[in-house]
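Both complexes shown next keep chain A, but they swap its partner, so chain B is in the first and chain C is in the second.
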Partner chain A sequence: MLNTQKSRKNSKSAQDFLPNSVFKNIPSRLPAFGKGSSNYPYAVTRIRAMRVKLFPRDAYPRFLNMSLDEITRKIGESEYKQDIDELSREYSGVNLIEHALNRNMAESFQKVLRITEGEPHELVLEYLRVFDIEDIKTILRGKLHSIPEDQILQSLVTGGELRYTFLSGLVTKSVDEIIASFSDSPYGPILKRFDGNNLPEIENELGKFYYENLFEAIGWPGSADRKQFDQFVRREIDIKNLSLLLRVKKYEALENEEREGTPCIIEDLSSMMIPHGLSLNTEKLKTLCYDDFIEALRLTPYWDVISPVLENSDLKSVSLTEVEARLTRYNLTKVTQNSRLFLISIIPILEFIIYKTNEVRNLRIIVRGKSAGMDNELIKNRLVIL
Partner chain B sequence: MVELTTEGLAALSKAIAIVGTGIASAWAEKVIGAAAVGAMVENESLFGKALVLTVLPETIVIFGLVVAILI
Partner chain C sequence: MAVQDVKPTRSELQDLQKRIKLSQNGYKLLKMKRDGLILEFFKILNQARGVREELDAAYANAVEKVNLASAVDGSFALKSASFAVDAVPTIELKSTNIMGVVVPKIEGSDVHKPLHQRGYGLVGTDAYIDDVADAYEILVEKIIVAAELETTMKRLLDDIEKTKRRVNALEFKVIPEFQEQVKFIRLRLEEMERESMSSLKKIKKKKAALQS
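Let's look at the complex of A and B:
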């Protein structure tokens, strides 16, 4: 069962000392745990050794030139061997690879949780709760749209705190029973507001709750590595907000093109924006039309990353997937640089988690793209290779 | 009143040299040992390198011993 919210110590929070608005409204706290009870040297070295076992960057071009069967064999010879072997009785082809990848990723993250203690364990657990939230969303969506139970189960990735046995039990229940199961958990108050028609709203609330909880765990980033972790999370928020804004602004611009001569219509995105990003002023950006929005983006640190895709290209041909891939690559590069600066800290652990997620994402893109008959160049543009 | 003699101060200095370097090497071995075990769990072939690295901080206490002898 879920842990209830941790006790809130040190009520005098960081925002009381800060003149700027960075931590405004974040229920921040000073870290209640120090490095004393943690096992950074052991955990970081072990996780670095696990990081070495991930596919190197030159493996992806080779995968692109292989057939699906060859990719399955190659993956089956790697760290995914046990997952491929065990799942090959149930699945085949693309589904086999996808399930093996998801299962291996969940196992790897559970391993990270097992080998970390104290501070790194707390931080990693909070970060990995994103999988819990995704699983809750998946179950609710599946139930709402009457998706068969086995298909819902196949889509779960148990990388967070919620165990597979608990989640598989939920899948057999009704929506009301599922919500009742979470009544004692931190997600309870949000899920109670679900009335059958407001799932997108509940999903947004869960997303915001996740980040608020994560910021609370990070606390006042006093040490340099915590500051880097804090910045990584806030950059991740920026990337999510920017991807959503680009998607909506492109849609608005295309709609407005059809209604020539009328002023542009702006959708209200307030409920969808995640607060406390690093460099984006979402309050301003969400009120702008597409052209003004692109102009405003030029002033942000992300412009250099996304300008090759957005500049001088026709609105209809702008590839948002490529923009997202570029932004993810940018965030990963920043983490890689920092993991070399902060050798014994939370950063190398975080680096492994996001590299593993990225590896699984890349392999999924390759196998799904190949099975759909996509061009290699098109698949390559969607990969994030570092 | 305890009288401070040259011999007494020398003995105290020797003790500080040994205790200081002993604590320092213990702390360093703790960190390196934990990291070495972590690396070995994932890759057993690192045993030789890990062993050398783990005992390397022993040199600190040897320096302390040399200083204590010289005092």
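Let's look at the complex of A and C:
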């Protein structure tokens, strides 16, 4: 539903690679800001108290200088103690830490859902749907390829709306029964299209649905905090699209290199592009060959972030993981930059979710990296210290 | 057969001489086969040495990528993506012949899959997962090549060992024994000839005495 369209102040050439409709007036399904019941002051106060318990930014360099045992002990003495104690019967070593981190994160997000009401609750719920989608994908992949039930269950992170009891019930069912279980849910229409052979397409659809649904929930960003949230989501969409385009373009370029002399073959990526991005015009970018694509990226705001990796580097040696790490760091830093301006709003709640997810990610990188004997510099490069 | 068990007859001698000739021919052929197999073995050894180094490097790279993906994306996401893999690589076993030694020819299919056909959706995954898939595809390819070369080397080594034993048996046991037997038969035949000569002489002497 596109009602209005505003133009952006950009150079003419850059405009070509920006989305056609940057601002879209999509009415939110939620009540307008300041209307309807919501408990921002209470929720924000509780969430600030939860935020204080997170590891401070200077903890990560200290962790990097510790041995794995010291890190494990330190994590075991923190907020994760209960999770580690309870899971230590089932898991050990690095797996125990990872399970404890994920469980604690899921519990924290459930607590956020419990303490928020009305608008913030709905927004958080939509934002956390990503965990539900990941769990649905894991279950479908596992059931389709006859993976043992316990292995599927061990790969679930119940950070969203779907509870572990419901998901563990699904794991015992057949694929058709699982799809039938979601018939009344927002995932129903997508899952109904599953024919047994098109799981990647269904997964892509679910991934797109997540952002479209979230975008719809945010609606027209009438207030500054909603605008901040909206921009974060749209930047995330851009980063997802950019990362996907880079992966496919690099793959195409390598394939074209093997077929020397033949013109560049471009895959149709329409079904994979997530709409409503902030600064990328995927319609144009997806039609370009690798070299033109990289040239076009120079006109986007992300070029400064990714240019050290992409500029003057040989196609085969371009590290897309390094590009992704830089983009993730950029997006998270951007969203948390002005968060102090919005004291009683969705931003502190969103910020807690981002900080918590990032803490779990950082701790996992350090613990897994240390246990695999990775170089400290490599581990440090993958951390996002907010 | 012990020398004493040999019948000291001319036919046996002829038979033994034929066997010596056959053994010597066989010895020459087996020696040529052994040398040929050794040459082939060294040719493959050079290839295998390179492939083994590549395999080690591919394995180290795959482990590094999987560790990095488990660290950044988490082992849950990585495991979930691995559940999505539907087309398992298959191998086809054929055989080929190197100087009479049957060696395997292994061909893999569905090893290297296009980005869109790996079973997982691209929207919900990232470059870390792609890197792991790439690294393991390369590793499987190297394993197939290494398996073919190393099995060939093992078969060749077995055959070289077998041929060497045969050559040695012919050179140091079978042919010398035959030669011993020939020598024994010859001596025996000569002795028998001398015996018959002396008995003939005695008979001749007796006959002459009776006539006189």
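We take it that the second predicted complex is superposed on the first by the 350 of 386 C-alpha atoms of A that agree within 3 Å, B and C clash if a C-alpha of one lies under 4 Å from a C-alpha of the other, contacts with A are read in each partner's own complex, and residues count from 1 in each chain.
The rule is short, and it goes like this: a contact is a pair of C-beta atoms (placed from the backbone, for glycine too) under 8 Å apart; a residue touches a chain by one contact, two chains touch by 3 or more.
Computed from a predicted structure; not experimentally measured.
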First, second, both or neither for A:46, with chain B first and chain C second: first
Dominant contact partner of chain A by residue count, chain C or chain B: C
Contacts of A:155 with chain B and chain C, given as first, second, both or neither: second
Touched partner set for A:227, first chain B, second chain C, both or neither: neither
First (chain B), second (chain C), both or neither touched by A:74: neither
Touched partner set for A:320, first chain B, second chain C, both or neither: second
Contacts of A:173 with chain B and chain C, given as first, second, both or neither: neither
Touching partner for A:369 - first (chain B), second (chain C), both, neither: second
First (chain B), second (chain C), both or neither touched by A:329: neither
Contact residues common to both interfaces of chain A (with chain B and with chain C): none
Parts of chain C lying in touch with chain A, wherever the complex brings them together: 63-64, 67-68, 70-72, 74-77, 79-81, 83-86, 114-116, 118-124, 126-128, 130-131
Complex interface listing, chain A residues touching chain B: 39, 41-46, 48-50, 53, 115, 344
Parts of chain B lying in touch with chain A, wherever the complex brings them together: 31-32, 34-39, 41-43
Chain C contact footprint on chain A (complex, rising order): 95, 98, 102, 133-134, 137-138, 141-142, 144-145, 147, 151-152, 154-157, 199-204, 206-208, 240, 243-244, 246-248, 251, 255, 267, 272, 274, 320-321, 323-325, 361, 364-365, 368-369, 372, 374, 378-379, 382
